[in-house]
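Each structure below is given as structure tokens.
Each of the two complexes below includes chain A, the first together with chain B, the second together with chain C.
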Partner chain A sequence: MSLESHELEELKTKIGREPTSTELQIIAAEWSEHCSYKSSKKHLKMLPMDGPLVINEKGYDSGVLDVGDGYVVTAHIESHNHPSAVEPYGGAATGVGGVIRDILSAGTRPIALLDGLRFGDIEKDQHAKWLFKNAVTGIADYGNCLGIPTVGGEVEFDECYTNYAMVDVAAIGFGKKENLIKNHAKKGDLVILLGGSTGRDGIGGSQFASDSLESDDRSAVQIPDPFIEKLIIEAILEARNEKLIHAMKDLGGGGLSCAVSETADALDIGIEMDVEKVHTRESDMHSDEIMISESQERMLIITDNEKLIKLQKICEKFRIECSVIGHVTFDKKMHVKKGETTIANLSTDIVANATLLDLPSKKPVYLENIEKIKSFPQLSNYSEVMLKLLASPNIASKIWVYGQYDHEVGIRTVIKPGHDASVLRLDNGKFLSIKIDGNPKQCYINPREGAIGCFEEACRNVVCTGAKPIGMLDHLQFGNPKDPEIFWTFLESLKGLTDFAKEFNIPCVGGKVSLYNETPLGSIKPTPVIGVLGLIDKKPLKIQKINSGDSLIIIGNTKDELGGSEYFEYIHKFIGGMCPTVDFSESKKNMTAVLEIIENEFVKSVHDCSKGGLAIAISELCMTNKIGCNISLEKIPGEKLDSDKILFSESHSRYLITYENKNLQKLQVILKKYNVSYNIIGEFGKDSIFFTSDSKPIIDLSVDKAQNIWFNSLKEMVLHA
Partner chain B sequence: MNVGVIVFPGSNCDRDMFHVLSDVFHLNVEYCWHDKPLPKNLDAVVLPGGFSYGDRLRAGVIAAHSPIIQDVKKIAEKGIPILGVCNGFQILVESGLLPGVLLKNDSLNFMCEWTNLIVKNNQTPFTNQFELNQKIPIPIANGEGRYFVDDDTLIELEKNNQIVFKYDQVVNGSSNHIAGVCNEDGNVVGMMPHPERAVESEINPHDNKPSSLIFESLIKKMGVNN
Partner chain C sequence: MVDYRVHVTIQNKPGISDPEGKTILNDLVLKGTHQNVSQINTAQMLKFVINETDKKTAQSTVQKICDELRIYNPMVSVVTIDVFDV
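Showing the complex of A and B:
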């Protein structure tokens, strides 16, 4: 239990008496960092959260965006880092389950998942490999069983996650606007717990997640049951169609304590409940355990007597349990009884609103000298370096991962995983493009520019499919916030994200803060993960096969920005250098130009340039199209740089455009109209990835060889090494 | 023409199949919940994919003992066309309507990828519009999709022309590359790949026409014009 002594004193003052043991448990869960956001809440307000498409209603656990024609898209992101670090299979699986119920609680059907996974160095560390393998299986087993496609994500390895696991899951929902649950309740309405039974798993999970991970407390990890979750989804959607739900909330962190107090607080009501009415997995559970168990696959529903009968019929059909555990009152109190005995009686306002903190921050000492220009000796040939990068776990194809996820179920997936962003078709003829991106290596070197970079990269990815960004999800993952240096990195990242969101009018529609991500070696690198949703009104870019003779344009300047790059960190084992920065005006005009080019169907494909730099991005085009290329480095726009910097710099706002030569003039009209920096840098053909610098070959690599290495190295690493 | 799509707790491709049958091929479709009797007026039945009963014990084995399967067996004897896709195929095998078993893929992983099928029997209600050996680009998505029969049964299957689809290469280690089979009468067909995910050009990156022939074959068989 993590209630600190001053918090206990505060509680006593607020309620004017000694708290009961149940009250202590409820408060400890609800005032934990995980549930209360006490360290971050004050600052999160800086993010813009409103926009023309945003629908705000009380009590939603997910963001809601109006996509027109009477339809809405919902979105949310969550992580399950602590549990996944202890028990990767169950931790990752229940992470999927939790975020899906957030989508469901708005009254929308979950239609897609994306996951961001981060572990230690799997090349050296067997434990990291075990965590990775089992987290992937956990996600696959859960998402596949539910029939919700996992359409995208990212995987990264870095020593800062040694003995730890970062498992972020974003979920997308879709439904009719008229079917959204309008959370409301009136006196006498019934409070119902529906779904799986309450057991001893996940006891104190939120406090567990709000401390540094010191013990392998497996009882704090929940046990997944995707079959029950699937039944709950179908039962709830049937109940929604019949308008049987007044208000609804998912049971997540803090279990019943959190769901009951937060629902009551959001709806301005009181709730009286009896722990003896809760259906439990074991007969001898203590009341306190029932109140804070984080057993999965449970939903809290408020409805009236008449609708209850219909709801019970639906539950019978799906053979899931549903218990009336209490009723709505108007005293704004959370009144918990065990039979006739009161075991907790607290103002919901006190429970649901922990005192917010204003933690001190201070620029970390390590940042003073980390950002400066750094150069390495030049090689005459970079083919070997390329092979090494293509085989590296962060750059190698992730097909071993997404090949285990059903990414087709639901028959919406137009652009499948393995491209820049995934695209789903919606029922109104529009398309939704989605992507999540993180970059802890750059965020470590410059927390502000790194975070902006993640945001811009996710935008670039959806823009590559022809989508205009309409909403953002942020997941801010940092170490112990009580360390002022860590808290400073949190604030810097948040400020950067806010600036970008405001400048580009992209509202933050959902998010999560995960703090206390500490490993035995110290704090993780700042790890904000940004999800961007984009909308396509007409048609997404139909990616066409690249043929011999097709040409390549790069949009955007390549700069001396190799800080946090794979080239510096993987090849040279060097942490430092200049972090890529986003020039907002350049970023904006490049995005606009690319969207117009795609809309006019002047191109065969558009590819984002990011991890590994343009050498890797161009190679990806060659490998997926099984065709060679001939690229001249001196044609790359930007200041004059060493060859390795041109090849591997990870500068932002760059796009690779493949086109048939007959479309060149029409393309150039648009590029000139927006005055973007661009150049024709080469063409496709033959069977080797061929780069020249001043007419001398600097990379010459067989496409077959490159593809074989890129495609298989991650799988080999997991299964055989 | 009335097609029933059977729904078990945990089915998850039922809505996709319903959409394809009704919106793409304009058939009358109804969902049939597992604990209700099968409606009398059905001209064909589809068992869609998913994880019936969460794949507990073994994929398809619990659903194979549902009351509705007794009705399915009765109409199978009458020669009514029945198609099982993925978990539906697993259920048909577990209920004894089709020969063989479906084991874990030899990778031991769930596999979601596009494959090519080759039509080996173009006499069934779901393949009569194909040329023999015609190729179908189509996705698979399964963990227990490796079709297995012993050598004697394999000879039997070949003799009776019960092998309907094969993969064009080794995909999951299945016996003789088998991806789909039928019963001796040919009216009950099971296949691991998902035709409902391949019939619309918007979501099929290859060619959607071949897999459409699976449903067009059924329409042809029933003699209805849509």
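Showing the complex of A and C:
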């Protein structure tokens, strides 16, 4: 059991007696890091969480944003790292299921999913390949069965995830404001458990281990059943329409223990329940197992006697089980009985509020010299470097992944995966743009600037579609917080995110902290993943095909910032250097200018410059449009730099704008108005990706060849290597 | 050396849910007149023909193949191996 001895002492003092075995299990689940956020909660308060569009209601598992005309968008992000590392197919699939129920519990319909996946080096490591392949299939199978489109995400490989899997899932919901569940309860209300049966799967998942129960390691294994989930979604939404739900919560980590204690604590009520009333999969389950089982596809609902009959009818119609497991009391206690015998009786305040920790932090030693740059021999053939990068797992097209996901079901998807951000049509004529981004390579070198970079990149991506960022989701994934050096990186990332969020008035509407992400080789690199939601009031950028004669403008300065770049890490196998930093005022200026340009329809497309740098970003434009380009490096704004720095530096706040020459004048008026740094750097035409430096060619690559490699290399790696 | 037929049955461990089996039971079998059926579990079967010295070695070789090649995930599933003479 994960309860530490001092925590046990604390529990005894608080309740003034010896806890029962069931109480111990409940507390161990609820006081675990996963459920209580005991290490991080104190610090998370620094993030701005309010804004004009944010709707806060007690007991919500997801963030709610008002998008006007009586509609709301909900959003949440979750990870399923540990389960996916053990059983990638089921772990990734049930990760999708869990976050969908968070969206559902606010009373909104899930309309889109995004996934961030991270694994070890799939070029060398067979196990990483196995994890990757199965996690993708798990997500595809689950999302596709539910009819919820997977509209975007990101995939990354790094040796720090060897023998491990990072599976982050973000879900977006949509609904009418009047249909939001206003979590409340009155005395005598009934507590109902609806959905799948409670089994032994996932027992102790939130505590990772458990000594007093059967420990066959099946704790981490959760079997997905998307068809029950689909029935639950429809049943809940029908019950919502009929106003049958007083309060609702999804069962996730910690199972019933968490759902019951947290609901009671949030609503300031007590709940009395009977484990014998819970519908179980096996007949011989122990009460403790029932209380902490993390079986999937279950919801806790509070309603009254009268509405229960209607709710039961709906469940019957959808053929899902529901059992009345207890009722609401007003003693603020979580009272668990087995028949007539009391097996746990604890104040919900004690259960749901673990003592928060103030862990020590210390700047990691490794950071002292990391920014020093080694000198590398000058490379002679940049065309070859480009081919290597285009084929590298982190840069190669991810079509093999998102091609397996149904990304159009629901017919809302206006801009599909493969672009900077995805865009969904909303019922009020507006559009929602969403993207998640992470960058552990840069976060490792500079946890603060790296985290800000992820945030800005996600903003840049939604801006590229014409959307104004309105909300942020943060998913903070780190190693063992008890290591002061790791905790320091957590705090630095969090501070960076807070500063950016405040400066840009983007509230944090939801998030998750996942700690203890350790592999046999040690801790993972700091891996914050940031999701940004953007709103488009009128219409999104209509991406048009680039034709011969169209030109290219770059907005933003290119700086000497190769630290954490694919060029350093993949080509030179070097971890270090100066990682890109965001200049807040430049970032803001560039965003505003780009949004105005898109709104006026002066451009054919806007593309963000990130992984792989400028050279890769321009090549992506060429490859997706099947057209060549002619780019002059000396025209690129920024200080005078060596060619490799200009080509591959991953500096932030840069946008590539393609346009028809007749629009140049109008474009320049806006760019000058905001005083942004920009330049015309080349034009499109012919059939090769052609870069010159001081009129000398340095890259000359056939578009067809590049496209073939970029498009197919990931698939080849997974399926045939 | 003799040829043996080896049947490998892969199924979820007891206690781990089996949505497919449950659906076949509830939505197919019990919908008919077969109320005497109480349980259906799904499994996957691989049929090997292997040339080995004896039955026991045939079994252990196949077990080794399944483990090494991750033909099943030991966290989720159990395998039962039956050996028959050809």
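The working rule: the second predicted complex is superposed on the first by the 707 of 721 C-alpha atoms of A that agree within 3 Å, B and C clash if a C-alpha of one lies under 4 Å from a C-alpha of the other, contacts with A are read in each partner's own complex, and residues count from 1 in each chain.
To be clear about the criterion, a residue touches a chain if its C-beta (ideal position, glycine included) is under 8 Å from a C-beta of that chain, and two chains touch if they have at least 3 such contacts.
Values in this document were obtained by computation on a predicted structure and should not be read as measured data.
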Touched partner set for A:F227, first chain B, second chain C, both or neither: both
Residue contacts with chain A in the superposition, chain B compared against chain C: B
Which superposed partner A:P469 touches (first chain B, second chain C, both, neither): neither
Partner chain in contact with A:G270 - chain B first, chain C second, else both or neither: neither
Partner chain in contact with A:E87 - chain B first, chain C second, else both or neither: second
Partner chain(s) touched by A:R200 [first = chain B, second = chain C, both, neither]: second
Chain B versus chain C as contact partner of A:E408, first or second or both or neither: first
Which of chain B and chain C A:E282 touches, first, second, both or neither: second
Which of chain B and chain C A:G98 touches, first, second, both or neither: neither
Chain B and chain C footprints on chain A, overlapping residues: 225, 227
Complex interface listing, chain A residues touching chain C: 86-87, 89-90, 130, 196-197, 199-201, 216-218, 220-221, 223-225, 227-228, 281-282, 295
Chain C residues touching chain A - in the complex, by the definition given at the top: 12-13, 15-19, 23, 70, 73, 75-76
Parts of chain A lying in touch with chain B, wherever the complex brings them together: 137, 140-141, 144-147, 225-227, 230-231, 317-319, 402-414, 416, 425
Complex contacts: residues of chain B adjacent to chain A: 9-10, 12-13, 15-16, 19-20, 33, 49-51, 53-56, 109-113, 139, 141, 143, 194, 196-197, 200, 202-203, 205
